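Two complexes, one shared chain (chain A), two partners (chain B, chain C).
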Partner chain A sequence: MASQAVDLGPFASEQGRPSPWAAGGFFLGLAAAVLAGAAIALDVGGATAFDPRPYAAPTGALASVASLVGLYQVSTSSRRGRIAATWGVLLGVVAAVASFVHGAVIGGSLEIAEFGTAYFDRDILSAIFGDIRRAAVNTIKYAAIAEVAAIVLGLIVAMLAISKRRWVRVPAIAYVDVIRGLPLLMLLLLVAFAPTYVGLTLPTITAFIVGLTINSSAYVAEIFRAGIQAVDKGQMDAARSLGMPYATAMTQVVIPQAVRKVIPPLTNEFISLVKDTSLLLVLGATVQQRELMTAARQLSSSTFSATPYMAASIGYLVVTIPLIRVVNWMERRLNPADARRFRLTLMRREGSSAT
Partner chain B sequence: MIRVEGLHKRFGDLHVLKGVDLSIAPREVLVLIGPSGCGKSTLLKCLNRLEEPTEGRVFVEGIDITRARIDVNKVRREVGTVFQQFNLFPHKTVLGNVTLALQKVLRKSPEESREIGVRELTHVGLAAKVDAYPAQLSGGQQQRVAIARALAMSPKVMLFDEVTSALDPELVKEVLDVMKRLASEGMTMVVVTHEMGFAREVGDRMIFMDEGRIVEEGHPGTLLSNPQHPRTQAFMGKIL
Partner chain C sequence: MKRNLYALVVVGILLSACASDEPTVQPGATTTPIPTVTINDCVTNAGSQAQAAPKGVDYKTQLKEPGVLNIGSDNAYPPFENIEPGQSEPVGFDVDLYKEVAKRLGLTAKSTTTSFDGLFTQSVPRGTFDLGISAITIKEERKQTVDFTIPYFVANLSLAVDVEKTPNIKTIDNLAGMTIGVQTGTTGADCAKAIVAQGKAKDVKEFETAIQAFDDLVAGRVGAVVNDRPASEGIIAARSSVKVVQVLETNERYGFAISKEKPDLRVAIDGALKAMMEDGTYATIYKTWFKTDVPFTVPIQ
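Then we have the complex of A and B:
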């Protein structure tokens, strides 16, 4: 590599030739940024010789596309080319979006102040705060109940699905396939409305949680099945060779090891469940029962504002983002190579603080 | 002690064992050798029904273990197995590995299990490591724990399936030393191995297998230095 005769510069492509896409994208991006800046300056500061407004957004879009192609071409070969193309994409996108929003504001179809109050009206926010908090608690409650029930049901289904006996395995696999193949909304409607036709009245929330549980149990079963099958087969052999019956070997040796592997995907499943509770909107709920989505919807129509949606969105994120971070952290710890690096970092830290 | 009659094993279309007959006397150390894929590991697994024989019968202490009604878990208590990949339970301590089956299978009290566990671990020279986890041990130490784990069940026969093949060369000796001592104490052993020095020194009898059949058997010294069958000669030529 050191003996390379020609320096191909920052826009070198994978084949060794300069990438016109990366270069073009970069310069188009620059041009778009200048045009967008000029367009905004024109409306803020007054007259210029030439009206750049119609050109800024298309140039930005072109720049983004060209840079993306360039990025693809140089992604593996040239670090500097990669940087140029990345800047091309960024400048292009920013320029396009800025001039588009700018145009909408100037054209009168977007009022910044009204936009702000629609989404963030402080008075409405303080009025609905109690409702949103109660709805957030309900969201977590429904998701947690369904998760626990789904883990129990899913583990049973998973154990059946890995059975050596065909007549045990086939129904379990069929259950998982059918449930995974149906939209959750369909499942919820089936569970919620079916009993009414035979004269039964299932409380809405009960039906809702049963539906969520059935749906989630299929995914949880798949998670457990994969986790159990990821445990080395030698573990089962070793346990059985010591005279342990199958069930003992499972509960004492295989499942304890599988649990470590399934905790991150189970947490992911819980995140999905938190979001899936929003489908209660379709079944309907009382003020006391409603979760974030239903509350937001009802409060939005009574206040004629998008603020409840924003508040509920923040409610979801407060629950989901910490969980997402925890999953990422656990996955890093479970990956042996990363785990080693993790320990090394700790050791280095201890070592440096000792000196 | 163990008698095998007309043993066949098929995996689908693959015919791995094509009629194996053999018997192992009490206190005997039988060494199985042969090229990879010849069926020695499968044969070993059939001796405690970790693999189901397709055809033929296996007697352990006069009991036909291939019968459908036999309690296979009882059979396996009598037959200890040590694997190439150790297969220690990573979520248990060294002592926990040795005592798990004592408690869950033989229903011994925690105190008695601990006593037996420490005794067996002392036997393999790992008394200091009882509270360590398998991942903290070298391969040789892990394999010695695996031997202690099998011995804790007081088996009548021990099966060793290429137990040194996954070890770094400098760790092989500590495992072979444990096995030598076990043999000298009178344990009945069936050993699949590529360690010819060990086989010559410890083995009472050696069997050469190829393509699912026993090709030649005899005293290890004789078989190693003076093989009669051309296939045995070819194999010895390659490895010695």
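Then we have the complex of A and C:
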């Protein structure tokens, strides 16, 4: 039986061996999608005698099995099997999501119209547009100022941290460890409130940007350290052998090469900073000062709607997604060998996006 | 950190209570009466919307779980509700009140900590809790999402300032160029915005909790705080330089928020609250937490 190959068409593996699991994954996914589609169509079509609820659970189960089988096949099967299995997964997931949402709607816990009003209320959207736009500008402004300051501070700390002198190196490493070990929220509250007890009151936004900068500088320092150490050691040796002092070799030869490597991770750090600005919420803000998160929170309390949250979320994505694409593009452009060595060095700074 | 602040507040309340010979002195109240003003834009509109009509079923069938009165609260608003350090259960005026209500209905009260404005925008309308009890002012906008029991408290707003930093601020007319601190989503926030709209102050700064607004007041980043007076008095007991300088009369009523799907439960709770106000139980609980006789007539109109 096993040797007598059944013609499995597109599900046959490259060696011609039958791959029934891929076919199973595909057909299970297809069955789940058909079942979910039929149940939803009958319900939406107004077949009043038809109660689709009992069909939701088997559809979900079928879809889950299809997804699991398909996922397994995606990694093990032949190319054509993989394609079939991928379709099985897609259909299964779509069926599972559709039957879940549909089940929630007919179960009464989710009403589409109400859901739409809560999250996408047009009147509220147009009323808050100016507020959200101003908040988006503030978000970028706070993140940009903190990024520039953090690059300056972080480069200094990185230079100290790779020093050969222990009394220079140890405090710098301790600084990085302490800052990386603290939640940003804690840091912000410490910067905002601790100085007031010694008679120094920083304005909220100043304290906020100082806190962001201190936090970010530790990660930027790690990025620079990794970037400098990723420059081939021979570069420093060669420069020194030409008679350059250490400082000249570092600033003229090593750092220029390191800068190219650190641009993608520094951009990542900026993306983190953009998201971290949301913590202004805990320090309080006036209308002119608030960034996207705080604006959304305060607007939602007065509009009784989640629409401001959706608007602010879109605001974040408008800023972050292009940056994420740029980072990926830059990473691809890096010399592959360099990129690999740099990534290996960077692995040590696990958990760089602290919040 | 927040809990420690509350601990200070509670200790402060206890100290001020011990320090005063007269048990009739309000916590934090000064001997000279605090001037009162009425600002039209700050008066809360309680609305006149009709509440859901009772369905004529046993109220116990409308509970989320049998025999339990599930309550949602922010549990961070002394002396109404607050969880003290090392404790797992909240204490306060609201807590004693709903425990007594539950007892009279033959139920057990169970409190869950949640966000304040979520009580009337999400959790109570959705049935996550049977009741939202968190010193909630009965307000027209809120009535669109939840129903309210009969009022159980009458409160005014107050203007609090740091008398060491700004001894010259006596009324809202001295706030020119100042920023007012408030808690997001409160009637105090609405009032502060009205004061700014009238050109009497420069700006409003919103915080997640009232306690943070007072922290910023002590730090000098805001010039004044507008907030419910009873809670302000409770919070500033631990901050010697902060005083209430003016009462903003709003006579707002607090009620228990309840789902529009549970009208029979609401009627039963109304009955228990009314009975407590008539037989003196309410006055006893009031005196436990506010050290004074009830200053308004009960049942509240």
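By our rule, the second predicted complex is superposed on the first by the 279 of 355 C-alpha atoms of A that agree within 3 Å, B and C clash if a C-alpha of one lies under 4 Å from a C-alpha of the other, contacts with A are read in each partner's own complex, and residues count from 1 in each chain.
By our rule, a residue touches a chain if its C-beta (ideal position, glycine included) is under 8 Å from a C-beta of that chain, and two chains touch if they have at least 3 such contacts.
The model shown is predicted, which means the values in this text are computed figures rather than measured ones.
When the shared chain is aligned, chain B comes close enough to touch A:Thr248, but chain C does not. In the superposition on chain A, A:Phe193 makes contact with chain C only, while chain B stays out of contact range. Of the two partner chains placed around the shared chain by superposition, chain C is the only one that A:Phe304 touches, whereas chain B remains out of contact.
Looking at the shared chain after the overlay, A:Gln257 reaches chain B, while chain C stays out of its contact range. Once the two complexes are laid over each other on the shared chain, residue contacts for A:Phe115 go to neither chain B nor chain C. With both structures placed on the common chain, the touch criterion links A:Asp237 to chain B but leaves chain C unconnected.
Comparing the two interfaces of chain A, the one with chain B and the one with chain C have no residue in common. The residues of chain B lying in touch with chain A in their complex are 48, 50, 73-74, 76-77, 79-81, 83, 85, 87-91, 100-101, 104-105, 146, 149-150, 153. Note for the complex: chain A touches chain B at residues 232, 234-235, 237-245, 248, 252-253, 256-257, 260. Here chain C touches chain A in the complex through residues 1, 117, 120-121, 141, 144-145, 179, 181, 184-185, 189, 203-208, 212-213, 215-216, 218-221, going by the rule given at the top. Chain A contributes residues 189, 192-193, 196, 201, 203-204, 281-282, 284-289, 294, 297-298, 300-302, 304 to its touches with chain C in the complex.
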